[in-house]
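Just below is one structure, and these are the notes that go with it.
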Amino acid sequence: MAKLNDSDKTSSGFWVTQEAPIEAANPVATPQAEAPDILRCAYMELVVTDLAASREFYVDVLGLYVTEEDEEAIYLRSTEEFIHHNLVLRKGPVAAVAAFSYRVRTPEDLDRAVAFYTELGCEVRRSEQGFVKGIGDSVRVVDPLGFPYEFFYQTDHVERLAWRYDLQKPGELVRLDHFNQVTPDVPRAVRHYQDLGFRVTEDIQDNEGTVYAAWLRRKPTVHDTAATGGDGPRMHHVAFATHEKHNILAICDKLGALRLSDHIERGPGRHGVSNAFYLYLRDPDGHRVEIYTQDYYTGDPDNPVVTWDVHDNQRRDWWGNPVVPSWYTDASLVLDLDGKPQPVVARTDSSEMAVTIGADGFSYTREGDETKGFKLGETL
Amino acid sequence: MAKLNDSDKTSSGFWVTQEAPIEAANPVATPQAEAPDILRCAYMELVVTDLAASREFYVDVLGLYVTEEDEEAIYLRSTEEFIHHNLVLRKGPVAAVAAFSYRVRTPEDLDRAVAFYTELGCEVRRSEQGFVKGIGDSVRVVDPLGFPYEFFYQTDHVERLAWRYDLQKPGELVRLDHFNQVTPDVPRAVRHYQDLGFRVTEDIQDNEGTVYAAWLRRKPTVHDTAATGGDGPRMHHVAFATHEKHNILAICDKLGALRLSDHIERGPGRHGVSNAFYLYLRDPDGHRVEIYTQDYYTGDPDNPVVTWDVHDNQRRDWWGNPVVPSWYTDASLVLDLDGKPQPVVARTDSSEMAVTIGADGFSYTREGDETKGFKLGETL
Amino acid sequence: MAKLNDSDKTSSGFWVTQEAPIEAANPVATPQAEAPDILRCAYMELVVTDLAASREFYVDVLGLYVTEEDEEAIYLRSTEEFIHHNLVLRKGPVAAVAAFSYRVRTPEDLDRAVAFYTELGCEVRRSEQGFVKGIGDSVRVVDPLGFPYEFFYQTDHVERLAWRYDLQKPGELVRLDHFNQVTPDVPRAVRHYQDLGFRVTEDIQDNEGTVYAAWLRRKPTVHDTAATGGDGPRMHHVAFATHEKHNILAICDKLGALRLSDHIERGPGRHGVSNAFYLYLRDPDGHRVEIYTQDYYTGDPDNPVVTWDVHDNQRRDWWGNPVVPSWYTDASLVLDLDGKPQPVVARTDSSEMAVTIGADGFSYTREGDETKGFKLGETL
Amino acid sequence: MAKLNDSDKTSSGFWVTQEAPIEAANPVATPQAEAPDILRCAYMELVVTDLAASREFYVDVLGLYVTEEDEEAIYLRSTEEFIHHNLVLRKGPVAAVAAFSYRVRTPEDLDRAVAFYTELGCEVRRSEQGFVKGIGDSVRVVDPLGFPYEFFYQTDHVERLAWRYDLQKPGELVRLDHFNQVTPDVPRAVRHYQDLGFRVTEDIQDNEGTVYAAWLRRKPTVHDTAATGGDGPRMHHVAFATHEKHNILAICDKLGALRLSDHIERGPGRHGVSNAFYLYLRDPDGHRVEIYTQDYYTGDPDNPVVTWDVHDNQRRDWWGNPVVPSWYTDASLVLDLDGKPQPVVARTDSSEMAVTIGADGFSYTREGDETKGFKLGETL
């Protein structure tokens, strides 16, 4: 907010400005090559250590639909999806993410992806048969931030089950909504992803200009991915959308009935950032899954960028409910193209958890009315 | 469905195919000029005969927010909007639509709009100050189908009230969702709007290849506008979105409490087409307003086109509840650029109402199980 | 309303008064014997002609829980029930109601029931083993209005599934709410059921004092049963409650997905009477089932009685949506204690359908603003 | 559970038994006099230190309806109420509860109340004009547990606003649901309130037979009041009901928008006990208010009593979310009949907080799978 004017502050306590070029101390080069035209986040490939346990969680509890499965992998989709899958669960020795996969507009965008990342000196592999079932010609790279990114256009079409209300559960997951990546240097990540064609919709900063997190979109929602400041590259979460808020509450109720409530890590609650209603779960391997509903349209080029003060106690939860420490500290490893875990580099900027809670941090409900304790009677 | 294969029929009773070139008997020419890049339907300018009565309906009952108003016009927006308005109510002698207004991606798209429509021989006017408050440089045309279309990029930004829950009502309208246009020749309209850059998402046909209606989108929802077969050019409805279904029910409850339930024309119900939950109201001038929630993402280039059989009794209402005749027959006049009502041309193709109800029509709940009466005990 | 004062009219358009003694032209005698202390409507025994088809409807579609079943009968309960069942489906030659069954406070209330109905000259049978599984000592009678009533206290306890969210469906039915009986002379019925201990909560009248329907309760909701004017004795419907309105919408959505939407007869909508949200279905034999949620507490002795004008178009549907004629005319036969259908006696008072629609009837949305057509554009 | 059989354990992890006589070490005597017949909890009289601040909270934020107000007191009611009020806010020097007021069935029950408490040696006062506006002949006592209890029958009737949807807010409070009292010796309290005619619906115990809390009802919901173990007599909370869960979420959203989120103490969440959806707020004086929806019918005499293990981490929150310590420790003072705060007596039995969290406590999600930390990643 150092750079933000009082006149840009809204009646809701955050700032809105137009997206501006990002300065990064150690920027990734901007390629001459044109970026591939990304449509949306399309699927995540997750390595899980116990395929049966993961199936129970994602299929029996969360109710994702199995498009195809074998002894090594399960291909899952959400209710309204017509491409082959939104999630691949693959059996492996170490719980991690094998790919953040984006769909591009045309087959030719794969050539653009190859050129773009080759110019950046990244490892690039292309497979005409695809790296997973149901997906054709694909490009996988380790991006400059260390994340395994995939791009594809060709995919098998499957039936969109949106009208199959006879199959629905109270906690129906209807769409893949977004990814969230942990990375040490948020401005560096944002700058690079802008080069890849992403637009910033919201971020969290402090008065000194430290950026703690930023949200980035291709499709006109608040995000297709986000950069969360922390030791990385790691995967913070993958998010599925429901239609209504009660669907999210129903997932909690069901976990309680199954005596699996310890899979609930944080929420349900209302986000400040994105204005969405949310819930965070942890799967049997500890991979974090968000359930999310009702953010807003962001598709206009001059869509206002929302900036939150890191000390605003309603930024992460609009109701001021505390963020559990694990939510800040835990995340999943990501793999290189040979399936080996990427080394994790420590964040050197201030951590959001440190500046908001504990001895050296503070949060406020009303700016200028700074209180250590979060809320009445709370003693975390 | 004459052209549709049984193998394309889904388990929900409709067909899915890829969008194909449309044949029209009397097509509008395809311009050489590039079409403007439309972002989304942005606002409608409605002429109303009693501004105070319309204000009561749209502001006091429906709860739209007043951005600005004077004795001649009221500028209204929905909760999540950041552009100046989504609806202009302008006092005038004849209830009608003065403009279907679309936002384009760049200022340069206005030049493209001028070239595109000039080549088509349409009347084209451009105003650097804009035709209404809050909107800058704009192009207005009477399009080849007789509709007053507007294109603009520049607009005043206003506060997005998405986080202002202190202002919200039980029936909160959060976004403008779409327009719907009545036109005699649906394939002719679809072909032209494809030239303008729209994509087809769903349509209603019969075995003989008659097309009764089609849905067209720019933003990745089911539609920004639709072509409904009937005497035209006329405006069928303008639609606003809520977050949840109970918000729509709350509007009905409030109309009952105000003893204004006769403003409810049809619904609430679940659409077959679009899978959205809906309600149709009539404003004090008889302009039709839809309240709508929860359709699906359509942004991929190969998004499957859904085709419904006109005789499928669940196409318009998934629950098989009857469509009231006025919904088929009534619509609002549209104006030319001088403010005079456009003449209405009769549809010559079969009418959807005639082929589905009454002596010569039929509808089925289960294909092959054709019954005249809509549903158990109904005697409409 | 002939007898109602303007000062009793509420801002919502109905009247409230204190419950008063009912005058009936041909009253049932008031017994000297004390009435049994009824707790609540507890279950209905329905005779169905195709047990498999009924099972599919009540278990597979509506999701009631099977407590027990054999080749002759299925015993079903709702989610929050702890007694053996709320519905018995029994195979038989003629679709009809075998029993409206009420639970009483103590075993001794069965003796009171015997004395009460014996004094009235009714046929009375008692079975220590009960007439159906899961229910012990019971009394069955043909009441003075011709309805087969049952009273019991002893019942097997089963697990209340309220916390078993893992079993729940989007349209979960959580409680049996009420019965509804069709009878020619409503004041005569009301007077008799007051003698049996019921309290009136709402009714529909006209200026001449004709009573078209009345709602009667033991538990503190709007009703355990209702008397609907028409040819009788017949059963109008049995009603189950959901927690929320979206649960009712989900039932409609599911029926659509199963291509069973012709089971929807009326609604969903908001009642004027009771203020509840509702839906009426017809089962495979045509028995009517209501799904109902969110009426109000009525347990105080001076609870205001709500009286609706029969011409108020919002009395049956607060949104003014039309009542389909079958809803007025169709109802299920009821059986005597030997299983033979009771003869049906025609109503001689005015019929609600005749006075509100058609050539001789009228309805208003705003009193004094009488319009024949129900609502804008409607031409029923 | 020492006394509970394994065969009584349900598939949801709690026990059900029939209500049994309670043993208390130091019981209150059972009067010979008949207890008054209580209908329901009717209103609470709260002393607040800043009437304007309290009005803002209860009227502007929570939306209760003002029946009447003057400089000393504000009389508030919920949407569906027809008696004069459900809450009195009275200006005073010390924030406290002046009365827990119950409505009785008949005027004669006031004589019974006088006799009942006189026999118990309690201070008893009767006022024919009532102690507050809108209420007639009333009896106030300091009950044997030190709580100021009131009984009344006569009250002014006001309009039930249930149909006035034009007045409703997204977080509409429709009914007063219950009180909750803090008292050192729970079995002693339960035994006494059973003498007063209350029935137990649920409780929390441990293996040693210590009772931590119990829920007691007159109307057929889970409670009209509850006894929570702790230093007392104090008032734990007063609870209002909404129709649906989203109404409760809307209250949180509104508090966020008003930057008053620090009024949220705990929740929203799903209770284990009662199965209701809940939220706890603190008013400007720190009085705790619960918002509550969707418990179950309890009106049968043999309604199963639900017993929860104090170590079951889902008993207080079905999703296993932690109870904030203030919720266990904070409560409001109660006044004697002269308006002086009652002295608070310390609980000597184990405290629920101590046995479930911290060094000497433990909680489990799955019995036999005892873990100190509540849930994945939590470090409270």
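Note that the chains take the letters A, B, C and D in the order they are written out, and that residue 1 is the start of every chain.
Keep in mind that, in the parts below, contacts are C-beta pairs under 8 Å (C-beta built on N, C-alpha and C of every residue); 3 or more make two chains touch, one makes a residue touch a chain.
Since the structure is predicted, the reported quantities are computational estimates derived from the model, not experimental observations.
When the interfaces A-B and A-C are ranked by how many C-beta pairs touch across them, A-B comes first.
Farthest chain from chain C, judged by C-alpha centroids: A. Centre-to-centre spacing of chain A and chain D amounts to 41 Å, using the average Cα coordinate of each chain.
Centre-to-centre separation between chain A and chain B, using Cα means, comes to 34 Å. Work out the mean CA point of chain A and of chain C, and you get 51 Å between them. Counting only residues that touch two or more partner chains, chain A has 12, 163-164, 244-246, 253, 256-257, 272, 318. Within the complex formed with chain B, the residues of chain C that make contact are 12-13, 244-246, 249, 252-253, 255-257, 259-265, 268, 270, 272, 277, 282, 286, 313-314, 318-321, 324-327, 330, 365-366, 371, 374-380.
Interface residues of chain C, counted against chain D in their complex, comprise 10-12, 14, 16, 39-40, 80, 82-83, 103, 105-106, 157, 159-160, 162-164, 174-175, 219-220, 243-245, 272, 275, 294, 296-297, 299-304, 318. Within the complex formed with chain D, the chain B residues making contact are 163-170, 172, 244, 246, 250, 253-254, 256-258.
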